[in-house]
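Quick one: structure below, then a few questions.
In order of appearance the chains are A, B, C, D and E, and numbering begins at 1 in each one.
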């Protein structure tokens, strides 16, 4: 797809906006629709778009599999550790009230952190799945087309 | 939107959903099916918006219209484009479906009416969520406060599910090139490959 | 009568949709189609949940400061989770389909069953000889 | 040594013996010495308990409570003592015989053979001393399973199918009928402990008693009541020492012993005679008794003939139980001992003949008595004892049974006993007659290479195969004179 | 330390859950295995301490996020789920020492990290689905376990490609089952407005005649029926167990279906109750015939199998029939049998599949012909098969006997004579298929061309024999298990009526 100049230009323009929108969705979930999951999907789709236009190998340079393999579990770990933090700070598992000076701040902080965890894992998993498919060689009979 | 308007939108969208589902069932060209699946998801996202579930609609559009369509196209690229067998009628399937559907229709007669503001589900737990979201948590989006806090544990599970899927896909499809030498051989043999079950191999 | 229809038409249409999905899962032999059927089935269950959450005259459950009627937010939360579970299942299912295709050269249930039966017969014959 | 200790030892000694045999497996002489020592020590321990039981004691050992109210426990009573003595005593004799036989025929897998034998004896001890029906059932099943490898010993197709039938029928009947009966009893009576006078009085509808009894009787497949007798001839594919000890003594006697236990301690003789619940059993036993004898006559294979004879003789004991009178029960119990001595003699003789000449068919045994006089003499004595002629032990048990029949007014049963004695003559004596009185066909049968006494023109099997049957034949004679002591020991069981 | 015990309910699931992503970060080699082992042992320790706490001082309620139920998610531990937790974590604790060599043999070494991650996720899901007191949370955690189970089954593809189709079928049917369950939960939520199980139980009685409740009940039972492979919804099970790697079969066969049975019990007796007309009817007219068919068709199918793993997989279908039968009996003895059999069946199938794994390690495929004459070459392995086989048959002094004893007691208590006889008759079918193996192993001649085979390594034999010994120990001293099971059964029936 190297010769699709228009696609390349448009997507180069588009991708930053998608990323920006993803960030907005990630952190604006408290106020409107959205949250970590949706943001993660958007992040991932930006990468997938990049990979489709510029090739998977280029995408892998931006976001190598090694980094992904690290990011996939990290989101979940962040989430789970937030839960443990609740215990350590004297509350129950996943108790955000105790995370900051007063319950409401605690709740805000807790939600922010776990949404970040969700976003990380979701985005990383989606890209991982895409890479896994892309890394597969095609062996399709012609008649199937 | 007025209630009648929503009713009409609902009926139109649901009818279109049914048609696209039937088309998915009958079409043998899997690319067309993929496209229809994407359309199906977007239609249902529209319906979800009409039903006030904006978060869900967002997610459904991103997941159903985006991710799962991409996944399906990826799968088709690696497998085949056409369903080889023509659609055929299956009596057992029909019977199962009729029984299941019958049970649900039977249930509807005692369900709270659609849109009923006095439905039991609205009376019991939900008021606490609305108040709590305002006062205890201070997050305007009630869905977020339930999702992340009241039922935050469910969401932890949800992330674990996604993580499982990631691990699973990596396990099944990951790193093909490096594996080719040792897995490709077994994959094409009729199972019990003698090479892979030599006792010496594990003597270590 | 009309009341009853108005009260439940949404459910009925969703049930029909659900049953089309289930029928595809059971009756189709193409492995991709089965998963698509599963998706339709699940999506209609999501719709069922969201329908039961709807309140006539209500709005999306986001606090805006004005006293308002909200639709029930809890099913929304549940369905968000369920959608994620659904996509996870779909991803795994498709990954399996790809591997099956690589092993058997087909994604049609009939072909695969035929191949497996042939293998089974060979195994039994070897065992008996 | 405390009583409990002794009781525990009866189970432990053969089990440990089994382990020791496995350990000594590579050295045949050591292995066989271990077997013999184990058998002797076991017998000594059993005898040490005898006096206490004769004095009216009931040594008890509580092992563990499996479920509330359902313990595994051992409790010695006279009947069990008798069975225990018979089984452990004859194990010594049989071990000697096994050494001769197994070496004489160059059998494979001898270690496995001795191990399984020890386990079988251990479970026989468990059956003999079981304190409740549940414990008995467990050891009953272990006995079945541990004897399976013995039956399948030869590992050829015939042995395997015979063993399959053996296991299938014994496990099938025990789980299919006996277990159901046990659970029924438990539900009805709330206990399974063996109690004189039974535990079922007023606990169960009298019209259901015959059904429960039938579940027990057919469930105790080892008693070989027709139509569940087929396993016994099938088991004859086993090496002869197995047939001798297990299928003349341990296994089948475990079966009829269980029958007696059930009749005496679960139902109670009085309950049975009051309700007549065992009436049908008299006729089934009589039928088995006669039918098996008739089949025995038609068999030319010696071991098969003896097997059917066993089926027939077992029904004597069942008949004694079915008569539901104290004399009948005594006769049945006595027959456990007398028949055991007689039948083990016959089997060991059959084995000796096989070792010496490799002959199994009766029609081939012309004139063998002249070259194997000891074997055939022993056979003759065993046969006479089984037929019930004085001065051999078998006569006593038959006498008691006949008395019991007369006592309960069952004239027809007396007739059955008479006819069957005649049939006994008809199928056992021809073997003796052929051996002694028919001239041997030329050329003379070639004896085993190591035949002792070849100098005297004899061709007996190895000494270890000949002495044991002679010993047991002698036992038949001795027991005739000491039968009263045995009956005295048994008296308490009929109250 | 008191902090540890105070939060034990949460840690029971949270620790495995956290360990799964950590496991996927590990370098490989033995590390992932070792982490899984440590976590399993911790989970075992946690479940023991929970069971003790519950038996000593009554039910535990743990509020996730400190939100009081029914608003937040509650962990509610009572005797029954503490018992099921013990089964799951106990099996895992024994299976993992066994796993290392078996997995090394059957799974690509480069995939071990992912394999053990999936294993830990499966463990997490099963534990979480059991311990939770929230209906929707059950769904979420069971899906974690199901998804990872699909992956684990598919891991057998290195040995036999049929693992892939087995996993696929498992996935389709499992997802349909989960979706049915969700529909059922939705119907109940619709009319009660709650997802908390205790709360549901309180709010349902006035709604007995509500059709949505009845349909919800049906959907939940059918959904879980698919997951627990209740006949005739068992079609995914035989192949999934057959082609999965040995360790996976050991773990799944002893735990996964048990959790589904537990969920069914929970809904039948805690949420609904046998006194509800429509629930009582299902016992006699649905569960009873299906259970009996399962017992016979499962066992009969087992007899005709040549692949030993599939043979025991079909036997599992039959054994699940026993569990359903115990429910169908509807009395304390029957229910005791079901709860006991959850434990007992885990012991016997765990041992049997472990032994088959040992055989697979040495000779590859485990067919009835392949094991001919192996009894002498692998004496410990086959002695274990014989021992666990006896337990499967239900020979006295084994755990299998204890289960059957209570089942028959339950049948007699109802006066259902024919059922008692059928239970006994189906054990006889077990005699046939178990003996087929014993006979081949001990009395069959080795197939030509098979060289000498050595006994499995001690590392695998030790856990195997631990299970076998447990089969006998809990068969002889059944006091512990029966008292817990009896208590559970009494609570269920007492609370329901």
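Remarks
FYI, a contact is a pair of C-beta atoms (placed from the backbone, for glycine too) under 8 Å apart; a residue touches a chain by one contact, two chains touch by 3 or more.
Computed from a prediction, not measured in an experiment: that's the story for all the values here.
Within the contact network of the assembly, the step distance from chain C to chain D comes to 2. Common neighbours of chain B and chain C under the contact definition above: A, E. Chains B-C form the pair joined by the most contacting C-beta pairs. Placing every chain at the mean of its C-alpha atoms, the farthest one from chain D is found to be A.
Centres computed as Cα averages put chain A at a distance of 36 Å from chain E. Chain geometry summary: the mean Cα position of chain A and that of chain C are 24 Å apart. Between chain B and chain E, the centres computed from C-alpha atoms are 27 Å apart.
In this assembly, the C-alpha centroid of chain D lies 44 Å from the C-alpha centroid of chain E.
Multi-chain contact residues of chain C (touching two or more other chains): 22, 52, 60, 62, 74-75, 78, 80-81, 84-85, 88-89, 91-92, 95-99, 102-103, 119, 123. Residues of chain E in contact with two or more other chains: 17, 20-21, 24, 64-65, 136, 140, 143, 147, 150-151, 154, 157, 161-162, 183, 189-190.
Along chain B, residues 54-55, 59, 63, 67, 71, 74-75, 78-80, 104, 108-109, 111-112, 119, 121-122, 125-126, 129, 140-141, 143, 147, 149, 151-158, 160-165, 167-170, 172-175, 187, 190-192 each make contact with two or more other chains. Under the contact rule defined at the top, the touching pairs of chains are A-B, A-C, A-E, B-C, B-E, C-E, D-E. For chain A in complex with chain E, the touching residues are 69-70, 72-74, 76-77, 80-81, 83-84, 86-87, 91-97. Listing the residues of chain A that touch chain B in their complex gives 29-35, 37-38, 41-42, 44-45, 48, 69, 72-73, 75-76, 79-80, 83, 93-94, 96, 103-104, 107-108, 110-111, 114-115, 117-118, 121-122, 124-126, 128-130, 132-141, 144-145.
Only residues 390, 393-397, 402, 405, 408-409, 412-413, 420-421, 424-425, 427-428, 431-432, 435, 439, 442-443, 475-479, 482 of chain E touch chain D when the two sit together in their complex. Residues 3, 7, 10-11, 14-15, 17-18, 21-22, 24-25, 30, 33, 37, 40-41, 44, 47-48, 51-56, 59-60, 63-64, 67-68, 71-72, 74-76, 78-80, 83-85, 87-90, 92-94, 96-98, 100-101, 104-105, 108-109, 111-117, 119, 121-122, 125-126, 129-130, 133-134, 140-143, 146-147, 151, 154-155, 157-158, 161-162, 164-165, 168-169, 172-173, 187-188, 190-192 of chain B are the ones touching chain C in the complex. Every residue of chain B that touches chain E in the complex is listed here, in rising order: 103-104, 106-112, 119-126, 128-129, 132, 149-154, 156-158, 160-161, 163-165, 167-168, 170-172, 174-175, 178-179, 182-183, 186-187, 190-194, 196-197, 199, 201-202.
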